[in-house]
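Next come two complexes, and both contain chain A; in the first it sits with chain B, in the second with chain C.
Right, the complex of A and B next:
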């Protein structure tokens, strides 16, 4: 069973469907007591569920490094102290996981990708994000820019916990959360799109929750 | 227009289908197995899941994901749903949905947390609570295809009455090694005291790291974190440990 435990704290506001919907006799649901607008097929949770494909990597800050590599092979790297020295932002964002939960108004601290990518020269249109532990995910480069993405290292006023991607994760909240790679260690800039881990396993290349792009073909 | 339809497998999987409840049976005080007939079901791999969509009379609709419990069997599939108090969906599915009732589903989904009969390496299954469900599908597929791949199941539950598929797991199934762990209360004269999963529970003969088993771990987040960390510490390569977690949300 997958993602089926409920602590009773959630409030749900699903979609209202019209036309030829199949009605499940006796199902009522409990819509209505959230004031948040949910993407289609999502429900609200106040917890922070964990979803990962394997063990949680333990990444030491002393050895941590973030590398941006361009299509020409040029490399730009930051160690932990260098990342901490960059100006940070404290975005408050909504999270939408493809496993159906949404969590609203989550608080983060991190460095905008606009800052990190400012001096990078590239003709790339796509990015393949790499994580400690081997995870990858792909997205258009433009979705990392213009105030839409951060390398986040604090959540809810605390250092980011390992199971949530600490010491640092990508945060791209306008896409399904699997794009917000945990334990991020590199961003590879590419001229052509290359599928990442879940994208190779049938999940959508873009993953817009508002268009419900969960799986390849959605 | 002569634009040919592409009736590929992908399209099959992604279209919402109407499923009819054909049968239901209790598995534990809190869990029921639901048997659905799904016209057009394209088949599935052990470990995959489906999305379920429920729609109320007033048009309100919500979705959840559930692992498939059964081995492929034509257009018939099985889910095992554990009721969670105050959940929006699980009490309805576990207790109210009656034989003949309809819901919508699509799938199968997921290409990572799966076991394929072509895999020849030993398999270590580590289940916490209802995390057994997708692992049971693997056990059932192994048996259905007559695979001789060694399987070892380590299954942790709170108490004896929480076990799923008790009768089936008690049957003779050559090459399937079974270990039950109880975290709160044990059967009478059970040799292992009640307690949480430890490294010792994962070390006995069967699937030591040097046999390079593929490990499938499924359960609540805390259980999966613990089990996966223990496996790494015992020497299992992280890339041979596949995890599926369900957090305190859903319903």
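Right, the complex of A and C next:
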């Protein structure tokens, strides 16, 4: 696969609609910035609430590894030093949690999935993301590409704290935040969609905040 | 209702509550007191009343975990007009009923 990388470009994707081109806002948003728009049913918060489905995994960077496994069993992996050696971006994005809070203009640093998946050969259309601690979440592969998703390891200018998913988490801000798996350790590429932890227990398979896809059937 | 939150040294927060936190949301679905029902972990085999689970209630839904091995025992999601109850982490649930 070949994907365009906008290295270092600061964008927000909070208002991006599926299939449209990325639009740079051209300014750096601030918390409380009234230019941002709320998806239906959301309210703005300036906190960063911690929502967790289990104990916070303590993952040592020395033992950290990210693995992409394709539908044929081919395996691509990166240790911490290899991840750090890849070109990073510093996206500023709006976050939308299914529990109805939204947080505007959050600042991150991470490696675009376009970079990580550049040399991965696959016919897969779906991805199942795995985390340390056992959490999983699913999404279409195309939602990980074209500047829409990162493996993020810094937030607000600091190393990503364990309660926010450190050492590294998936960041895919155009979907509800449960898709942005904390403590990410692997991405499984699949020919068939496979529901993750919340998607198999009532939450929406896709989770678009602008279409308010909170629960199955929404 | 007694809550016995344990302190998570990592986050400095009370990470989970005990299984009594499930009494309200589960009694909406079950007609008997759910927290005294006995279960058995499909992972480590330990037995407990639901009241002993570690319940993460700050997640998008309720997650009840085995007090001995942390495996997910149940997930409970409530939307405005539906509830989803996944009990795949327990071998069965035993309810004590009148004769």
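In this section, the second predicted complex is superposed on the first by the 183 of 218 C-alpha atoms of A that agree within 3 Å, B and C clash if a C-alpha of one lies under 4 Å from a C-alpha of the other, contacts with A are read in each partner's own complex, and residues count from 1 in each chain.
The criterion applied here is as follows: a contact is a pair of C-beta atoms (placed from the backbone, for glycine too) under 8 Å apart; a residue touches a chain by one contact, two chains touch by 3 or more.
Just so it is clear, the model here is predicted, and its values are computed rather than measured.
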> Which partner does A:202 reach: the first (chain B), the second (chain C), both, or neither?
Replying inline: both
> According to the contact criterion defined above, which of chain B and chain C contacts more residues of chain A?
Replying inline: B
> A:105 contacts which: chain B (first), chain C (second), both, neither?
Replying inline: neither
> A:47 contacts which: chain B (first), chain C (second), both, neither?
Replying inline: first
> After superposition on the shared chain, which partner residues are touched by A:178: those of chain B (first), chain C (second), both, or neither?
Replying inline: second
> Common interface residues of chain A with chain B and chain C?
Replying inline: 49-56, 99, 134, 163, 197-198, 200-202, 214-217
>> Please output the residues of chain C touching chain A within their complex, sorted ascending.
In response: 8, 10-11, 13, 15, 56, 58-61, 63, 65, 70, 72, 75-77, 79, 82-84, 86
>> Quick check on the complex: what are the chain B residues that touch chain A?
In response: 10-11, 13-14, 18, 49, 51, 53-67, 79-82, 84-90, 92, 96-98, 101-104, 109-113, 130-131, 133-134, 220-221, 225, 228-229, 231-232, 238-239, 241-251
> Which residues of chain A touch chain C in the complex?
Replying inline: 49-56, 58, 97-99, 134, 162-163, 178, 197-198, 200-203, 214-217
> For the complex, which residues does chain A have touching chain B?
Replying inline: 1-8, 10, 12, 14-18, 21-31, 41-43, 45, 47-57, 99-101, 133-134, 163, 197-198, 200-202, 214-218
